[in-house]
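Pasting the structures here.
Below, subunit A partners subunit B and then partners subunit C, in two separate complexes.
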Partner chain A sequence: MKVGIPRGLLYYKYKPFFTTFFEELGAEIIESPDTNKEILDLGVKLCTDEACLPIKVFHGHVEKIKDKCDLILVPRIMQVEKREFICPKFCGIPEMIENNIKDLPQITKAPIYSYSADKFLNWAYETGKLFTKSYIKIQRAFDYAIKEQNMFKEGIDDEGFQYKVALIGHTYNIYDKFINMNLVKKLNNFGIGVITHEVVDDNVKHMEVKKLFKRPFWTFAREYYGFASYAVRNQLIDGIIYLSSFACGIDSVIVELLKLEFEDIPFLLLKIDEHTGEAGFDTRVEAFVDMLTRRKGGNLA
Partner chain B sequence: MYYLGIDVGSVSTDIVVIDENYNVVESVYLRTKGRPIKAVQEGFKYIKEKIKTNEIAGVGTTGSGRHIAAFLVGADVVKNEITSHAVAALSLDKDVRTIIEIGGQDSKIITLENGMITDFAMNTVCAAGTGSFLDRQAERLEIPIEEFGDYALRSKNPVRIAGRCAVFAESDMIHKQQLGFAVEDIIRGLCEALVRNYLNNVAKGKDIKSKIFFQGGVAANKGMKRAFEEALGCEVFVPKHYNMMGAIGAAILAAERQIKWTNFKGFEIADVKYETASFECSGCSNLCEVAVIKCEDKVIGYFGDRCGRHSGKVAV
Partner chain C sequence: MKVTFPHMGNVYIGAKFLMDGLGIDYVIPPFNSKRALEIGSLYSPEEICLPFKIMMGNYIESIERGADTIILTGSCGPCRFGEYAELQMKILKKLGKNLDFVVLDLPSDIGFDELKRRINKISSQSPKPKKEKYMALVNAYRIIGLIDALEAKAHDRAGYELNKGECKGLLNECKKKLLETNDPKEAISILKEYHKKMDEVKISREKKPVRVAIIGEIYTIIEPFSNLYIEDKLMEMGVSIKRTLSPSWWVYNTVILSPFGLTAKKIRDAAKEYLPLGVGGHGQECVGEAVLSSEEGFDGAIQIFPLGCMPEIVSKSILPSISRDKNFPILSLVVDEMTGEAGYQTRIEAFIDLLERRRRYVLSRN
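Moving on to the complex of A and B:
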């Protein structure tokens, strides 16, 4: 069986798990290519206009590989932590895909609750059934996949730069070089190092958000806020760049929270959607870099 | 010695020459009309008559077309619009805390403290309040844009216009006109609506402190200046060269560099024949729209490729 894995949404985070799981069950993996203009255009065309850019891009990836596979992974991720939620769009993504894309092969629809192995296994059984009748085999594939995932080191933590910024945003914005117009490299070229939230331990983030008036409802909010708070307190960074999807409700909440809390830290909000022009984007980045370097007494020109 | 500053924006191209004390000695304002190279050449033709190439000690470019311009003229400094505008304002007054800049197609806000930029925002999405929008409304009301501000100042009872977005503002204006409101009151109402729109969008969440500078083409409009002053409750200053501040900033940045040998190619490039073309690269799935600049059938530059496959080939 050929299993398609679209390079969109949380692919960047959970790729080791899913590839290993399906491979262990004997599948051949078909990954969509890195996001490119064609995929973006396809996504924009197929998806409803109100959706955020990452959802559109995901549509494009599915469309691109749908004819080559028997099953496509469309992860309906509900919860990765107890008492927290991922974005509501993740809960409905299989339905969006089914309604917007014609001539689909089978897609995975079972919900994923990954905060405990028990819960997560439900997804594995539900999906593994399509490959084998043996629960033991599925269990083994699952165990392997978890092991692979745990070995996966995520995150960016640049060293050897004079300045450093916290780059905050969804992984599918930060690691998709086409969508973010190579932001990390651009910053590096300006002499700015980058640190991302995965570098800071989850427990630390849990501790940091305790200071908030109310426990964050969204997993992303806890992760990003917790990271920013830790990085600012320990003076790891000179500024914060938030890479946000246009029309992302979760981002807009987190951005307000960060701005309120860290007033004195230079903050740049970069919003991206399918209309974002590279010239204006670069201007913002450049001006922000000037602002940072000048603060520290660097040469402006 | 003089320094040259060039600001190539989507609507206008401004070129200034400043002396060592940052006084403007020459300036030209041209419409870009989608042809930045032509605009720069036109400007050079004019300046060439007054200033010699060997009097120029440094060149800075800014604006959305800064890279093309830099390549064309041989710039020493290439800077974004935010920094350039701030540098120009600071050179006039060290105490400026807020810069409101509204140009032909975009608007920005810059906040400063102790002569350093602390925050900024740009709006390139919504057209309401930008120069092109005001131009169009003036045209529709059959009033020369230069007099637009005077009309607004004459009004005693401004009409409330919905300014949330350009489309609404326009249709609301037409509606108010049909109801028979005086043109003066409509224009003043429009200025107020655009200022509200600016403060709620571009300037949202920004700390607006005085001293406030108002620059960019729209600053010529006295109605807008007054609407800002009323909304903010303090004086708003419009610098003398309000519509050239980007170019002035770029020139100052070039002067600050104290370069020994400028890269400047000379005003003579005004007479060179350049051709521009573009093609879609099929080198990979990005399908970049690449612009090519040719001179006497020889390709001298590429722009717009994401990977440097083309632009890297030509020595700039």
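Moving on to the complex of A and C:
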């Protein structure tokens, strides 16, 4: 069986798990290519207008590989942590794909609750059933996949640069070099190192969000806020760059929380959507870098 | 302590009589207006959804009138509404307003003790004995139920009435009268009187008006200002309307039924075929209602949601399939602070025209 894995949404985070799992079950994996103009255009054409860029890009990836495989992975990730959610759109992504794209092969629709192995196994059984009847085989593939995922080192923590900024944003915005126009490299060329939230331990983030009135119910919100708060308090960074996609509901809340909380730290909000022009994007990054330099030089600080 | 609360359709009527019954001082925010929206948008994050902005406007206008405590219901995800309280608190604090927020979250999220503590913050201000406090709550629940029912009746009958505008007139008259009294008992008798009057409105069942279901995001369909008074517009066009979601529906389903997992069971069951799992907000309800209203013989449905609403974007992707499968026209309207009335009106009129013509020609079902 040929399994298609679209390079969109949380692919960048859970790639080891999904590829290992399907490979262990004897599937041939077909990955969509890195995001490019064609995929973006396909996605914009197919998807509901109001959706955010990453959802549109995901549509494009599915469309691109749908004719080449028998099963497409459309992960409906509901919760990765108890009492926390990912994003409402993730809960309904298989339905969005199904209704927006015609002539689809089979897609995986089972929900993923990955906060406990028991719950997560339900997804593995539900999906593994398509490959084999043996529960033991599925269990083994699942165990391998989890092991593989745990070994996966995520996050960026650049050393040896003059300045360091916290780059905050969803995995699928930060690691997709096409839609963020290679932001990390751009920053490095300016002599700016980048640190992302994965570097900081989860427990620290849990502690940091305690000072909020309400426990954040989005995993993203807890991670980003906790990370920013930790990094600012320990003076790990010179500034924050928030990479957000237009119309992201979660970002609209987190950005405001960060802005209200950390007034004294340089903050740049970069918004990307299907129309973002690279020149304007570069100018904003450059201006931010200039500001960092002058601040450190003491001119404006 | 002077309590206030954001507007959402008829909520102010229920809240007013609850506070009257408790004997607590309160401010009803001025009715939503352009000013409220402008102030609200000024102090809100740019990309947040419309309800947040209007609510901010309500708070600030109430604060101008002396309010110092805000009551707000909460939720714990996955829709943005749950984070409203956190952000609004911080923004108002930054604006230098000295305020108390009482956020009523479900006990499953904050625990019973915390909820009790928060409710106590309000109820301890009431000079009334315990029994009367309880009665105030019961009366308020009855009042909100009665006004919602009256509104639903008016919306339904508007299509059949012989004297155009009678239902709408009665409804507005009743709301006006309710604001003049401070006695919950009197309010109930007013409401009963108007229910009777509404029943006596001359109607003709032969009229066969266009029947439309209003579905979508709960705030934007309940709060008339946010949807540019779509229900009044439709009533004027002689359309019979049904809207299931209302403040009393919300209270009944979220507060009373949720511990048993029965929230909106019928609607959610209807949605199962298209959207088996909840996506937060009322996304699943929107899909379920579209299915139900097509089965109930409505001519069409209108979905309304604020720009960027995450759950409704999911349901919007699904609605075209329902429309195709059931041969059931659905119009999606997105509202935000920039929505222009003329274009909006044109789209509604065109949709109603389409529904009327479908009936007359071969395209129709019957």
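As a working rule, the second predicted complex is superposed on the first by the 297 of 301 C-alpha atoms of A that agree within 3 Å, B and C clash if a C-alpha of one lies under 4 Å from a C-alpha of the other, contacts with A are read in each partner's own complex, and residues count from 1 in each chain.
In this text, a contact is a pair of C-beta atoms (placed from the backbone, for glycine too) under 8 Å apart; a residue touches a chain by one contact, two chains touch by 3 or more.
The model shown is predicted, which means the values in this text are computed figures rather than measured ones.
Clash-free side-by-side placement of subunit B and subunit C is the outcome of superposition onto subunit A. Of the two partner chains placed by superposition, only subunit B is touched by A:T283; subunit C is not. In the superposition on chain A, A:W218 makes contact with subunit C only, not with subunit B. Contacts of A:E95 after superposition on the shared chain: subunit C is touched, whereas subunit B is not. When the shared chain is aligned, no partner comes close enough to touch A:L42: not subunit B, not subunit C.
The partner of subunit A that touches more of its residues, comparing subunit B with subunit C, is C.
Rounded to the nearest 10, the superposed model shows the Cα centres of subunit B and subunit C diverging by 80 degrees about the centre of subunit A. When both complexes are overlaid on chain A, the residue A:L9 reaches neither subunit B nor subunit C. Using the contact criterion defined above for the overlaid structures, shared-chain residue A:I195 touches neither subunit B nor subunit C, since it reaches no partner.
Per the superposed model, the minimal spacing between any CA atom of subunit B and any CA atom of subunit C is 5 Å. Per the touch definition, subunit A reaches subunit C in the complex via residues 47-48, 50-51, 55, 76, 78, 83-89, 91-92, 95-96, 99-100, 111, 212-218, 221, 246-253, 255-257, 260-261.
Only residues 64, 77, 79-83, 87, 106, 116-120, 122, 124-125, 205, 253-254, 256-257, 284-287, 306 of subunit B touch subunit A when the two sit together in their complex.
Taken together, the subunit C residues at the contact with subunit A in this complex read 45-49, 74, 76-80, 82-83, 85-87, 89-91, 94, 103, 105, 109, 274-275, 277-281, 283, 307-311, 313-318, 320-321, 334.
Residues 33, 36-39, 178, 181-182, 259, 266-267, 275, 277-280, 282-284, 286-287, 290-291, 294-295, 300-301 of subunit A touch subunit B in their complex.
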